[in-house]
Every structure is written in structure tokens, then in C-alpha cells.
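In this document, chain identifiers A, B, C and D correspond to the written order of the chains, with residue numbering beginning at 1 in each.
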């Protein structure tokens, strides 16, 4: 009725996550604020914290600073019917869609590998009705996390208006009470679980992103009910306190801390290692067919026990040293 | 002369010329990254590149593969968040954005989402907006760089992912988009297109060397207007091509060599 | 026994006892800073102090003079922005806030803005909300620490700066404030007050050593309810007073020695 | 009419600054993006960039990381009819109110000096009708800057509701289109000029806050039409590029850069120097009477040519070394 009276528009697709801040507040009220040791294994973190049906979101930028080890483990544990925030997502959403882990997705960017082209297996998955879809822009999903981080149910913005991206979203329009102008209203997004990879974290889950951009991760960590924090290295608690400006993720958001050196491979970890372009080429080639895809997943994910087993397969420390050399501009003629 | 460069090299070279020094440019993935980097090396050393993941004004040691990779924040002025740079964009500090897209119509509306009738079960699914809808909504001028053929230049896009002039003059403002923004140029392998002030319809403004109006029209699924004085685009120079091939994209990620 | 401590020392010592270890406490300026620091040193080493200017969980080398000074971010876990910590508060991560105020009424509404009839030309102007309205709106439990007299404890505050229970039960939720939040305790130099569950009116819960109910009521401008089992507050211990005087506030900024 | 239909409430006081994002966008469109040398003197910055009638906002936290030198210069140049964002403001608003520079103020905190008590001269000024007042909370003003920084006309929030702080604000209420819940709508605040003090800046105006909290300054700088950046020290442009994560204020927001060592005295500059408590005590004592106030301002502000003259009066480098020692915990028995 309220909407009729003031002529609001509304996107027609499904809103997958409850935006009510009082429900989120009630959850956050019960979450421990103790500085306790949260270090665990990837296997434990995924099996304890992610349940079939959960709505998850992944930090980083799809193939940059992504928590690959945790995503592989979600695939390996055959989680099913997950919802996903397909925000700037590339290798992360591709793995989850290809492996059949997700049945719904808020899409702002999926399937694509930026200048490398598209993933055929992702495309197959997203062209099927098996994944329920709602579209947004990257900025919209970033602001939906920001709304959650601030304990709101919505934020206004000025994009998506007039487009089919709006029509096939679950956004609404709203009139500014000060200017009478029309804005897009974005519902807050409070994921059940966020999975984020950082450079350094202490055992309590204070996470620092020491190089490169932070993308949406500070807001994502604050909006999510639970957070699995994957880190290149654990550092002493005192080191966090020595540089509190660098803490992008507060411990009180975090439920599990896992130390995974090279944990973003084949992605780029700013300041640590460059993309493994050979691997991506091989991957995108293999997933062109369902058979190729199956064989690849069998070999690199199902066929290894953990991320260390995977690292051996992709060339181990030697390979990572090469990728580090490219990142550090040690070989100016590469990459 | 055509044999001297391929269509992608042509696109990148022509695209790079539109980039003004000391302007702020929000860069989409792919061809735009190469075009802006080429401009930076040739004539606009102080162009301020902005990337959606949160980086401002990097001095890139090589072509980024992603708008969020570590090259986009190499010796940058700011390495922050997506919200921060989107805010800069929404509050009117960004002059240009350079985008691509699978389909474009006569009002510059872009489709990078899907082909088909059923949104939940599309014939072809593309990546979606990424940051494109944001940039096309917020930046003052939207430049599209894309190869030209009648499967891309269509009478009606299957899905308006990112707004051009929507249904024509005034439609953006009516929808609530910031005033004074919208499509500016389309740079193709055949010509440079602009928009008619009165109708907001796409028009031919400059033909690339050796290209006829008829060829352009044949490669377009809708009727194009023509600017009063059609210009001839200067061909890519040897210097442009050299810097592009040797310094910007030696691995041929974008230009495919 | 009264001679052993002054009313402000009493306030700080009693106030500090309410602070739970491993809870999050958003700290207002003045007495609350001393009370939380005392708690940290005595029984709640892992209380997480949050300051509105953007600091979380410092290990303070001395009593801050301001909720935004460098001591509040000394060896902190996070030194960020006001928006960041206000967001943490608004999304329900903060258990307690400790506030003061010039006037308080029976529903715990606080006035720190003005006295008088004309807002634009008040009889007395105070600083205003600062962060108090935010904290009283967002935090789960609001604790007020204030000396008690009938000029402070008034039937109706001149101006509701920060919300208590407003006009009574359900009024906060009706106004749009987050569900389940509100006043929790008032700690004075005479007693500890709480709130009646049914009416949301202030009630006496514990009398400080040597204080009678009549004395409390005489110092209050409205009728106080009484808890069924009135307790006697244990007096400040020698250890509390020693740490307060020697370690927390050796310069007497708060306790006035 | 829209408001009648859906029963919105509205604060009754004056909205001092236009929240329309299209007007702000038009201004920002015309602002140079060139990396040009903006270094100037405090005197020039104030005389060129601040005009009688402008609405200004001050960074820092009232007596922490405040641009004292610039505020003194505004007083010295006898700017009049300024509007002020009285956000976390202490010594800054006190100076401007006492000296008669402002005629309107969005108040969230003024007059008070936290645990030191109140300023009698500020109180006199704010109790008079000569300053038109509108009240808010600190969080509300912080979000109003955030709305400006994001190019919006408003942001929703959940404070001020049900209180006289709301009634005597210029906020409105709004209904969330997703939950039907009632929110406070805060109008964006786009100040004409922001004045901000930082630890380090390059000549183009890229500002870094290297210790302590950032309060609302990143948003304030982005929301203001013009920014005067005061810095403890100028650093080479390359040093900014070596640590882009630390850039709190982008050069494109900034119109003037002034290097003012000790520029926050008598305030606390995190990592540099502690409060000058002797000065504050003397100040608060003097301003108890109008005569005392006049004499004090004559001596310390009108009677000196610039901030360096003032520094000589308050004890010069020797005094600043003492305050630095307290800040750095070199004398554990002080402060």
C-alpha cells in the first residue's frame, strides 16, 4: 500500500537473504567477544561452519586475494544448495557452480575471467535453472555489504535505475525525503558465512591486508554472521597491536582462522605472488567439456587430501617462487 | 595499409586517443585497460586511472590482467575499497569510463548479461554488470570500445545491463540517474560514433581509413545517423603500434598477437 | 567509612564493577573512562573498550583526556573511523555503553543539550549529544553514571538528548529504535538504580553503605520504585581505591584529588 | 504530500546546507584533477578559499589532530557569518564562536572540553540567538559526511528517533521499503570548505594520517567542495606512492596544502605531541569573562602575525619537546 501510494518500483527477482537488521543484531548479540584462539584446519573450518543451504560470500576480487584453499574444501566436502554472493567473482564462483555446490546466486559478475575469456563450465551452470539468479551491479553488492556492516536494512544509491539489471534484481526505488529525487534502495546483505583471505592474521582473527586494495572485504566481514579467515601467515597478537590502522577485519567478526601459505593460488596475492596463468589456461581448456571438467576436479580437488597436496601437483614451492618473482618484478621480461 | 594492424590494435590505438591528460578515467576490463595504458605512455602521462576494486592512479609496471590485480595498485596514490572509488564516481569526480559489452543499441544501452527470453534459463549467459552499470550510471561520459558487427549493434538489446540513453532524451534523468551523464562515443574497428544531441541516437562521426559509410551501416543492425561533417580517422601511427606491441601488451593478451 | 573516599571515587569504583570481562563497552567521556580503566586493571582485563572516534580495545598507558586522544588507540586492535565503530554498534556488537548527562528522568531519558523554553535562546546550553544519542540508541544496555540530586533526577527532562525508555514500555521500538535495547542501570553516589520490567520506570536496587531509601528519594525529583530485595552495595575496597588513585587517575582529572 | 501520505516526521530546525547531489556533482565536475603544486601559506589559504558566509567543517576530534593554525587565521582575518559543522568540536568551535566568526551551527558537540569542563565564552555564544542552531548526534554528522562522500542526498540510520535531538534537527523519518521499519533519514552534508590537519602530505594534497584514528576525516574531505589541508610535514610525492593504503585524503579533494609543524597545538597530535594542559587551563580560565577572553585573543591570535609567532609565545620548540615527551611516554610520570 505504501508502495502504491508513492509509486515505487521493485525488481522482480528473489531476495535470497533477510535484510532485517534486528534479526542480524540478535545474532551478533550472541556472538562471543572473547579474544580466544580460533586457529583450526581448513577441513574443520568448512565442516563446522558451513552447512548445506547456507548463503556464503567470498572476499577478494574473484581471482585476486581469494581463499582458494577454503573454496576447494567446500567443493571437496560436497556442500550443497549453497547461496552465493556473485560479487566480483571469477574462480571462486566458477568452482562452486561447476561442482554443483550452489543453487542460488546474487550475480554481479560470474562466468567471466576478465581478459582471459569465459569459463564454459560456469556458463553451463548459470544457463541452467538449477541456479536461481538475481542480478545486481558490483557497486550494488558492495553497498549491500556496507548496509549490513552498518546494521541497516537498506542503503540508497543512484545506479541500476532504468535498466534490466534493476528489473531483474530485488532492489526497489525510493524517493529522497529531502530532494524528492528517485533513488535505488538496496537491501542489506547479511551472509551466513564469509570466506576471506588476508596477508596476516593473529590467532584471534584480527586480519590485516597489507598490500593492494581491500575491495569490499572490510564491509563483508562485518556484515557476515560467520567469517572464515584464511591467511598467508599467522602473526603474533602484539604485531596487530603495533599497527592497529592496518586491521581490516576485527577478531569479533571471525569464527575460524586458517593459515594457508600460497592460499590464493592460482590467483594473484598482492605483494606475494602473481596469477598462475599456465594453470588458468589449462583450467579453462579442460572445463570446455564436462568430461574434462570432471577429470580436472578429480585430479586437483577430489584427488588430493588438502591444499598442500594440491600445491605439490601444481609445482610446489618452485612454482610459487616463480610466481613470486613475477609479482616482485624480479623477472622484468615475464608476465 | 590495413595489413599493418589487426582490428584489435586499431581499436586500442583509436580508443587511446580520446583519453585526455589530467582527466579521471574509470577503466573497465580488457581493451580499455590497454587503451588507457597506451595513452598514459604516449600523450597523457598524468591521466588518473581508477579501478573498481579500489585503486587510484597507479604507475603500472605491466598490463593488468584484472581491474583488481596488484598491478592496478602498483605505486598508486590510493589503494582503498570498492565503496570508496564508487563513491568518488557517484559524487561526480570521474570524467570518463571505458566499457565493452556483448550488445549495444542506438541509444548506447549495453547488454553484458544474457541472450534469450527466459531470464532464469537464458540461451546465452554472460558475466553480468560487473562494475559496468555503476560506471555507466555515475561517470560523466561513457565511452564504449567494441568491434562492430550487426550481432553486436542491434535494434534492441536483449537486456539493458548498463544504461545508455535508455529510451531517448531525458529518460536517464527521469529514471533517477545523475543529470548530465551518459554515452559519449563508441569506438569501433570501422569508425568513431557519437550521439545526436536532440534524439540521443547514435551517429557516425569519423570513418577509419578506407572505410565507407555503407560498410559501417551494413555492420549495424539499426539505422545510424551521420554527423554533418564526417571526418576520417587518422590511422594508427607506427609509434602507437610500437608502444602498444612492445610496451603495453607484449604478451598479446588484448591485441591477440 | 565515608571519609575514606569522596563521592566521585565511590561512583567510579561502583561503576567499574558492572563491567564484565570479554564484553564490548562503548565508553563516553569522563567518569566512564575512569570506571572502565579501573575494571580493566582489577577484574576485567579483557573487556573490549570502544571509543567513538574509531578506536577498539586499546591498552591505555594512562587515563585518556578525550574519547579521541592518542591513548585511546595505544596498542589498540583497530584504529579506524567513527563510522566504523558506530556501524559495529548499530549492528548489535556492543553490549554496554556508559554515559553521563545533566538531567535524567524516571524512564532514563538523558538531557545533555539545554535548559529553558526557547531552543534557539536557552537558559543554559550544554554540549549536546556528542555520541551519547548514538550509543543510547544502538548499544544493548545503557548504564548511566552520575551523582544524584533533585536537579539532575527530574520529573521531566527539558530536552531528551539521548533516549531512555522515552514515554515508557514499547516506546523505543515504536519510535524505530533497535529492539531489545535501552537503559540498564544508573549508578550514583547513593545507590544503584535499575528499571522495572513492566513499567520501565526507575527503581532502587542497591543502597550504598549507610544510605537510606529516604535519602535517595529526597535526592530525586520523581517517585522511585523499589526492587523487592534491596541490596547493600559493598563499599569501595582499599584495593579499588588504591588502583584508582595511583594507577588510573593519579592527576585527579576525574576523581578530583 | 508524499510526506502526508506515509506519515513521515521531520525535525523542525533549519537545514543549513543543500543536500542535492546533482549540485555537488556539478561543482566536483569542474574541479581540477591535475597533480599540481598546491603548497601555500596559511594566510593565503584562508584569504583565498574561505569567504564570509561559507559553511565550514573541521577535521580531527575537537582537540585532537585539529588544524589550529588555520582556525587561528580564520579568527585573525575576522571572517564573518560562517556556518559550522559542530561535529566532535571543542577548541575549534570555541575559537570560532568566541571570536564571532559563525552565525549558524549544526551542533553535535560544542562548548564542552570533555573532562576539563566547559568553555564559558562558547557557552555565552551558543546561548545567544546570534548563532542559529540545529542539533544532531556525532554519529549523525559522521553519516551526513559519508552521504556527501558517496554523492547521495541522504542516508538512513537508527539513532535520534523518538528524541528532542531529532525534533531539533533537520532530519526526517523514512520507512524502509524492505522491512517496513522506521529509520532516521539524514541529509547529506556538503560543506563549502573543510579544514583538516594530517601527519604528512605531498605538495599535491595527498594526505596521510599515520597514527591514531581517522574519525570522520576521509568522508569529510570527500564531501567538501574545497579542502584546506594542514600538515605536520610535507613529504615527497614518491613516499605517498610507496604506501597508497595510508592515503586518507586524495589530492583531488584538496585546494591548498600548508605545512605547519606543531599545527595542532594545544591539541593532541597522535604520535607527535600530547595536549598542552597548562595552556587549556589558562585558556578556560581567561575566557570566563569577556575581558579575559578579549585579552587572551589579543595576545595569542590578533597580536601575532602567524602560527610561528604564536608558538614562540607558548614556549616554542622547548615546550613542544616536553609535549612530545609525554606523548611518547618518555616521562612515565607526566600527564
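We take it that a contact is a pair of C-beta atoms (placed from the backbone, for glycine too) under 8 Å apart; a residue touches a chain by one contact, two chains touch by 3 or more.
In this text the structure is predicted, and so the values were computed from the model without any measurement.
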item	value
Any chain in contact with chain A as well as chain C	D
Most remote chain, CA-based centroid, reference being chain B	C
Length of the line joining the C-alpha centres of chain C and chain D, rounded to whole Å	27
Distance from the mean Cα position of chain D to that of chain A, given in whole angstrom	37
Whole-Å separation of chain centres (CA-atom averages), chain B against chain C	57
Residues of chain D touching at least two other chains	21-22, 150-152, 157-158, 181, 183, 211, 214, 218, 245
Overlap residues in chain C, where contacts from two or more other chains coincide	55, 73, 79-80, 83, 86, 90, 138, 178
Chain contact topology (line, ring, star, complete or other)	other
Listing of all chain pairs that touch each other, if any do	A-B, A-C, A-D, B-D, C-D
Residues of chain A touching chain D in the complex	2-3, 5-6, 8, 10, 15, 19-22, 150-158, 172, 174-181, 183, 185, 187, 210-211, 214, 245-246
Touching residues (chain side chain B, partner chain D) in the complex	22-24, 46, 48, 55-56, 59, 73, 75-80, 83-84, 86-93, 95, 138, 140, 178-180
Interface residues, chain C side, partner chain D - complex	29-30, 33, 51-55, 61-62, 65-70, 72-73, 79-83, 86, 90, 109, 113, 119-134, 137-138, 159-163, 166, 171-172, 174-178, 251, 253-254
Parts of chain A lying in touch with chain B, wherever the complex brings them together	13, 60-64, 86, 88, 90, 107-112, 114-116, 118, 123, 126-129, 132-133, 135-140, 142-143, 146, 157-165, 168, 173, 181-184, 211-219, 268, 270-271, 274-275, 277, 327, 329, 335
Touching residues on chain D, where the partner in the complex is chain B	21-22, 24-29, 31-35, 148-152, 206, 218, 222-223, 240-242, 244-245, 247, 250-252
